[in-house]
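Mind having a look at this structure? Questions to follow.
Going in written order, the chains are labelled A, B, C and D, and every chain counts its residues from 1.
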Amino acid sequence: MSKRKIRIGMVGYQFMGKAHSNAYRQAPRFFDMDWEPELAVLCGRTEGSLRAAAEKFGWQETETDWRRLVERKDIDLIDVSAPGNLHAPISIAAAENGKMVWCEKPLANTLGEAVAMKEAVDRAGVFHAIFHNYRYCPAVQLARKMIEDGVLGRIYHFRAVYLQDWIADPSFPLVWRLDKTIAGSGAHGDIAAHIIDLARFLVGEFEEVCGHLETFIKQRPKLAATDDRLGGVASSEMGEVTVDDASMFLARFESGAIGTFEATRFAVGRKNHNRFEINGSGGSIVFNLERMNELEFYNANDSAEHRGFQLIQTTDSVHPFASAYWPVGHIIGYEHTFINLVADGFSRMSRGENPTPSFEDGVRNQAILDAVERSSGSRRWEKVSIDQP
Amino acid sequence: MSKRKIRIGMVGYQFMGKAHSNAYRQAPRFFDMDWEPELAVLCGRTEGSLRAAAEKFGWQETETDWRRLVERKDIDLIDVSAPGNLHAPISIAAAENGKMVWCEKPLANTLGEAVAMKEAVDRAGVFHAIFHNYRYCPAVQLARKMIEDGVLGRIYHFRAVYLQDWIADPSFPLVWRLDKTIAGSGAHGDIAAHIIDLARFLVGEFEEVCGHLETFIKQRPKLAATDDRLGGVASSEMGEVTVDDASMFLARFESGAIGTFEATRFAVGRKNHNRFEINGSGGSIVFNLERMNELEFYNANDSAEHRGFQLIQTTDSVHPFASAYWPVGHIIGYEHTFINLVADGFSRMSRGENPTPSFEDGVRNQAILDAVERSSGSRRWEKVSIDQP
Amino acid sequence: MSKRKIRIGMVGYQFMGKAHSNAYRQAPRFFDMDWEPELAVLCGRTEGSLRAAAEKFGWQETETDWRRLVERKDIDLIDVSAPGNLHAPISIAAAENGKMVWCEKPLANTLGEAVAMKEAVDRAGVFHAIFHNYRYCPAVQLARKMIEDGVLGRIYHFRAVYLQDWIADPSFPLVWRLDKTIAGSGAHGDIAAHIIDLARFLVGEFEEVCGHLETFIKQRPKLAATDDRLGGVASSEMGEVTVDDASMFLARFESGAIGTFEATRFAVGRKNHNRFEINGSGGSIVFNLERMNELEFYNANDSAEHRGFQLIQTTDSVHPFASAYWPVGHIIGYEHTFINLVADGFSRMSRGENPTPSFEDGVRNQAILDAVERSSGSRRWEKVSIDQP
Amino acid sequence: MSKRKIRIGMVGYQFMGKAHSNAYRQAPRFFDMDWEPELAVLCGRTEGSLRAAAEKFGWQETETDWRRLVERKDIDLIDVSAPGNLHAPISIAAAENGKMVWCEKPLANTLGEAVAMKEAVDRAGVFHAIFHNYRYCPAVQLARKMIEDGVLGRIYHFRAVYLQDWIADPSFPLVWRLDKTIAGSGAHGDIAAHIIDLARFLVGEFEEVCGHLETFIKQRPKLAATDDRLGGVASSEMGEVTVDDASMFLARFESGAIGTFEATRFAVGRKNHNRFEINGSGGSIVFNLERMNELEFYNANDSAEHRGFQLIQTTDSVHPFASAYWPVGHIIGYEHTFINLVADGFSRMSRGENPTPSFEDGVRNQAILDAVERSSGSRRWEKVSIDQP
C-alpha cells in the first residue's frame, strides 16, 4: 500500500507546538504508518520567532494569519496549539473548510464553546482529535487493558493529583495562563483536565461532583516580557489574577465508584506530579507521570505470603507501544506520549476511524470542569451535564 | 526525686489493650520518668480470656465489671480501650471517681457524648488524654517542629489518605466495627479520625468541610465467632452493614490552607497506608505510616540545581524521641508511637500539666467527623462547630 | 506444661546489652514460651553505671566480676555482650561451668579463639547461640523459606552491602571499636560478619574469597571520654587506627553461585544500610534493613505483561513471626529481630534442640572473615577453611 | 554563521544503528548546532533489510560494502555500529581515508586492536569519538559537576552494578553477542564497559583490579534465525558459549578510592539496571539508569535534623542539557543520551576540539577490561596498563 502524506497546518509554536512538531516528525520513524504527517505550514503572529521555530522544528512554510491557513487548499489537517480562547474559532473555521482538526486540551474555555466545536466537526464530517496525551503512556494503556480484562474487578476508588509548583512564588508574573480571558481557567482547565481525562478513560463517566477552586495569590506583577518556556519577566505594576491556583473535588462515577481529584500549581517541590491510584476488588494500580515508564500493580489473587505492589517496567515488547522503541529497560520520555497519540490517531484515520480521544471526549471533559466550577460557586454537589443550566 | 507509681486500671484487652499494655510496660525502660505506670488491673467481661490476657501482658489483677473498677480506691488512672459506645459511660464515671482518664480514639460515637466527656473531666479536674498515637511518630513530631519553626512557610495544602483493605472482601463478616450502635461509624471514625488529628496537629483548626460517606457492600454474613485480631468467622445468615466503608472530604482551614481527606477500608493492597503531604511556600513534607521512620522534605531554599525531596531517616539522636532508643538507622515500629505518647503524657502529668492530645482534641476531632457526616447528608459544605445544630 | 524460668547472667550493658535485655523481657509478652528468660544478674566493671543500667533494663542484681558470675550456681545462661576480646574467655569459662552460652557476634577476634569456643561448648554439652539477629527479620525468614521452597530456583548471584557512616568524619575519636586488640577488626568483623551470615543462611557455604581491607583515616584523636551510644569525646592527642574502615570481597559459593560483599563505615549518608539482592533462575529478592518490614520479590513465572519487583510488606499474619505482633501494616522495628531470635532459641532449647544460629555458625563465619583478611594480605583468592594455615 | 552539514556513513542498522540514526536526526531539532549531521549513507550486508532500515531511519542512500563506504569522497564521518570484531578494521580504514570516526563501545575486542585504532586516528589527525552514551544522562553530567565542584569532597567509594536478565533462560539461543570471535566478551565488554566508563568519568583512573568472569550456562541452542531486537530463534543443535555471563571485580583507583563492579545478564528481573553510588567525605550520590532523570544526593553539610538522600529531578532548565527539551518534570528517555552526546560532540568538533569520550577513553577502558580478564585467569590482583604484558 502506498503511503499518504497528510499535510498539516499548525497554529502555535510554544511548548505544545514544539511537542506536536516532534511527534509528527518522529512517529513515522518508529511506527509503520499508512498515513504519514507532513510538517507543511506553521502559523503564528510574530514573523521572526515564527520563522525560527519553523526552521528549528522542521516546517516547510509559515503563515501569520490563521484565517488564511484554514482556507489553504494544500492543507489536510489543522493542529490547534494556540491558547484556549482561540480553540473554538480556529477549530470551527477549520472544520467548515473541511480540514481534519486536532486540538490541544482543554477543548475550549467554556462548555458552550466546546459543544459548538463538537457540532462543527460533526456537521463537517471531519476527523477530530484532542491531545490528551497522557492516555498514551504505555503504562496508562496497560492500566486500561487490565481494567478491560477485568483484572481489577469492580472499581471502588479513583484518586488523582496533578501537582506542580511553577507559580508558587508570589513574584512570578501574570503570564497569559493566569488570565481568564485567554486561558479560561488556571490549574483547573490546564491540569485537572488531564486527570479527568485519565479518570474517564479508565473508570468511565462521572455522575456528580463537588469541588472548590482557590486562588492563593490574588495579585501578581504584570508581565514585562515572555520567555520561550512557561515563565516571563515581571514588571513593577501589579495586576489581578483571574484564574484559580488550585482545584480540588470529589466525584461519584456512574459505575458506583467514587473519586478524589486535586490539581494545583502551589505544591512546592512537585514539578509534574500527575499521579493516580485505582482500587478495585481484584487489585490496585498506581501511576505517576514523573516515572511514566512504570506501573505499580497489586494483584489480590496472589498468595497472601508473596503479594505486594509490583513495579512493572512497561518497556517490554509485550507492553503497549513499547515494541516500537528500544529493548526492555531503555525508557522513553514525555515526548513519546505525543508520538504514540499521533501514530495511533493516524492509524485510525487511515482505516476510516476517528482518532481517540476525540472532540466528544473534549466536551465530556469540559462538562466535568464546568460542573466543578458551578459547584465551587454553589457550595454543593452538582450533576455533570453537557446541557448547561 | 523519688518516682511515683501510677496504678492503672484498663478496660479492654484486644488490639488496643495489647498496644497500651506494652506502652505502659516499656516506657520506663527507654525513658526516665518521674511517674511510672503500674499495670494494676485489667478489666473485661469474659473471665478466661481476660485472665490469659492479663498474664500475657503483665497485669497484676483482673476485674470483670468496669463499674467496680472505676470505684476502686487503689487505682489512679483508667484506660478506656473498650469499643466506642462504652467510651462515654466509662470515662464519665472514672472522672466522677477522680481518676485520670486516658481514652482510645475517637473520643466517642457522637459529638454530644464527646462534649459530655470533656465536661466531666473538666468538672472533676482530672488529667485526661486521648490515644492519637500517630502524633508521636518521631517523623510527625519533626514535621510539627519544622512547621512551628517556619521552615515550610505559609501552608497552602494538606492532603491525606488512610487506606486499608481488611474488609474489601464482601464475604468478610459483620464484626463489631461494622455495627453503628457499637462503633459509631466505619472508616470515618476509625481512621479518618487519625488523619484529622494529624491535620489539626500540623495545620490547625478546620473551618468547613464537604464530604461523602460510602458503603460499597451493604450486606455481609453475620458473625459466628470473633478472633483475637480484627477478623472473625462468618455465619450463613446475612445482616446489614450500618457504617461507612469509605469517607472522603474536602476542607478549608482557618489559616486559609485547603485540604483533601480520604479514609477507606476498600483500597485493596493498602494495609495501613496513612500518608499525608503538606505543601507550604517554604517547602513540602510527606509522611507514610508504613515507612514511619522516614520523613520526606523538600526545601524550596536549596539551590535549584541540587534540590529535591530528601528522605530523612528520623532515627538520629537529634530527632524527637529517637535518642531513647537505638543508634541511627536502627528503626522503631508501630508500638513505639504508644510508648512515646505514654512517656510524654506521664512526663507532663508529673510536672502538673495535662497530656496532649487531650479530651479537648477529642472533642474538636469529633466536631469535624460530625460536620463531614452532616455534609454527606446535606450534600453541601458544612461549618465545623462544637455546638451541634 | 509449667513454664521454666531460665536465669540469665549477662556481661555488658552498652548497645548490645540494652538490646538483649529488651529481648529477654519482651519475648514472653508476644510469644508463648515454655522456657522464659529471667533477667537475673547484670555484670560490668563500673559499679555506678552498672547499677543504673540494671535498674533501667530490669535486672534483679549486679556483679562486677564476670569470673564470679560464671561460677554462680543460680545462673542458667551466660549472655556475652562484652567487647570481642572477652568473648572467648567468658564463653569458655561459662561452658566449663555448665552454663548455656549466648554470645554476641562476631564469635571471637580470631578464628583460633572461635574454634576454641566451639570446642568448649561441645565438650560441655551446653546449648549455645550467636546473636546474628538479622536472620530473624521476618523478611529474611520469608526469603529463606522462598529459597527452600525452590521459588528462586538455581541461585546465580548474591550481592550485599552493609553501609554506615558513623566514623567518616576524620575527627571522630579512637573508640574501642577502632582498636584491634579489643575489637579484632573494624567494619569487617562488625558488619561484614552480618552480611556473611545472611549469605550463609540464604545461599549456603563459601568456597573461596578474594578481598581487600582499607583504612582511609590512619590516625585519629585519642578518646577523652566515652558516651553511652557509639561515640565519645576526642582528646588533642593522635593515635593509630589499627582496624579497617572498609572491607570488600568477591566470593564463590559451593553451590556455584557467586557473590559480592562490601562493608564500610565511610558511606556518608548511609546509616544502617544492610542490603542484599539474590538472583535465581526463578526470580529475585531484595532486602534492606532500613526498611526491614519489606521484601522485594520478582517472580520470573509471572506473565511478561504484569511482572515486576513486588513490595511484600512482611507484616501479614501468614509471615514468619508476624502474627505475634500487630495487624498487617503495623510495622515492627530493630529490637524485634532480637525478640524473635530469643523466642525461637528458647523454644528450641525447651524442646531439647540447640538454638540457631549457633557457635558452629560463628566459627564458619569467622573462617570467612579470616580468609578475606588473608586474601587482603596475599592479594589473591583464598580458600575458606576452618583449619587455618 | 552558516551551518556546515557533516555527511555521515554508518555501518550497522540494528539496535545501535537505530539509536545513532535517531540522535543524528534529532540533535539539530533540540540544539543549536553549527555543524549538523546529515544522514547520508547506511551500510550493511543484507540489501533488503538494509533498504528498509534506511527508509525507516531517514538515510539518503545505502551501501553494502563498508570498504567502499569508507573510500567515498562525499562522506565526512564514519559511524561504526557493527559488531565488535569489525570495529578495528572499519575504524582504521576510515581514519586512513581521512574520515572522522565515531565508534560504538567497547572500542574493540582486544586491547591490542584498541591501541591500533587509537594510533590510526592520531596518525590521520581526524576527530574520533566513542559512544559511551550514559555519560550524557543529565544526571550523570550533574554528578560530574558536583564532583568537580568539590561538593562530594574526597571520594572514598565507587560501587556500580549493571544488571540485566535477557539471557538468563538457558534455552535462549547462541546469538552473536555470545560468540567470543564476534563480540569479544559477554557482559564484561558489553555492560561492564559502561560502568567502567562512568567510574573513569567520575572518579578517575584505575590502578589495579581483581576480578572473576563466570559462565553459568556453558551450552545453548544454536541460532536458527535472528530477530530485530536482541533475541533470535533457537535451533535443536547445541553450541558452546564462549563469553562470560557475568563479570565482577574490585578496584583501586589512583586517587585512593576503592570500588566494586558487577555486570551480569543473569539478574532475573533486572532489565537495564545500571546503578552506581559514590561516597565522598562531603556527601554521596546515587544514579540508576532505569530512572535516569533522577539523581539522589546526600549533602553531609545539611543539618543533622533535616538531612537525607534527596531526589533531584534533573529536568530543570539549570540542569545539564535539560533546557533543550521540555519544562521541568517532563522526562526524557534513553534515546536522549545519544542526542546529547551527538550535540556535544558536534559542537566540540565545530570549535576544532575532539569529542569526548574519545578513542583515548576507549583504550583506557579496554585496558581495564583486559586487566580484569587477566585477573580472572591469574586469580590475583592485576595492574591496569595500556602496555599489555
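Keep this in mind: contacts are C-beta pairs under 8 Å (C-beta built on N, C-alpha and C of every residue); 3 or more make two chains touch, one makes a residue touch a chain.
The shown structure was predicted, so the numbers you read here are calculated from the model rather than taken from an experiment.
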item: A-D against A-B, pair bridged by the larger set of C-beta contacts; value: A-B
item: Mean-CA-position distance for subunit B and subunit A (Å); value: 41
item: Centre-of-Cα separation between subunit C and subunit A, whole angstrom; value: 54
item: Inter-chain centre distance, subunit A versus subunit D - centres from mean C-alpha coordinates, in Å; value: 36
item: Touching two or more other chains - residue numbers and ranges from subunit B; value: 270, 307-309, 313, 316
item: Pairwise touch network: line, ring, star, complete, or other; value: complete
item: Complex contact set, residues of subunit B against subunit D; value: 142, 146, 151, 294, 297, 299, 302, 304-313, 316, 318-319
item: Residue ranges of subunit A in contact with subunit D within the complex; value: 15, 19, 22, 25-26, 29, 56-58, 164, 166, 229-230, 270-273, 289-293, 313, 315-317, 325-336
item: Of all residues in subunit C, those that touch subunit D in their complex; value: 156-157, 159, 161, 163, 165, 168, 170, 210-212, 214, 216, 246, 248-250, 252, 256, 258, 260, 262, 264, 266-270, 277, 279-284, 298, 300, 307-309, 379-381
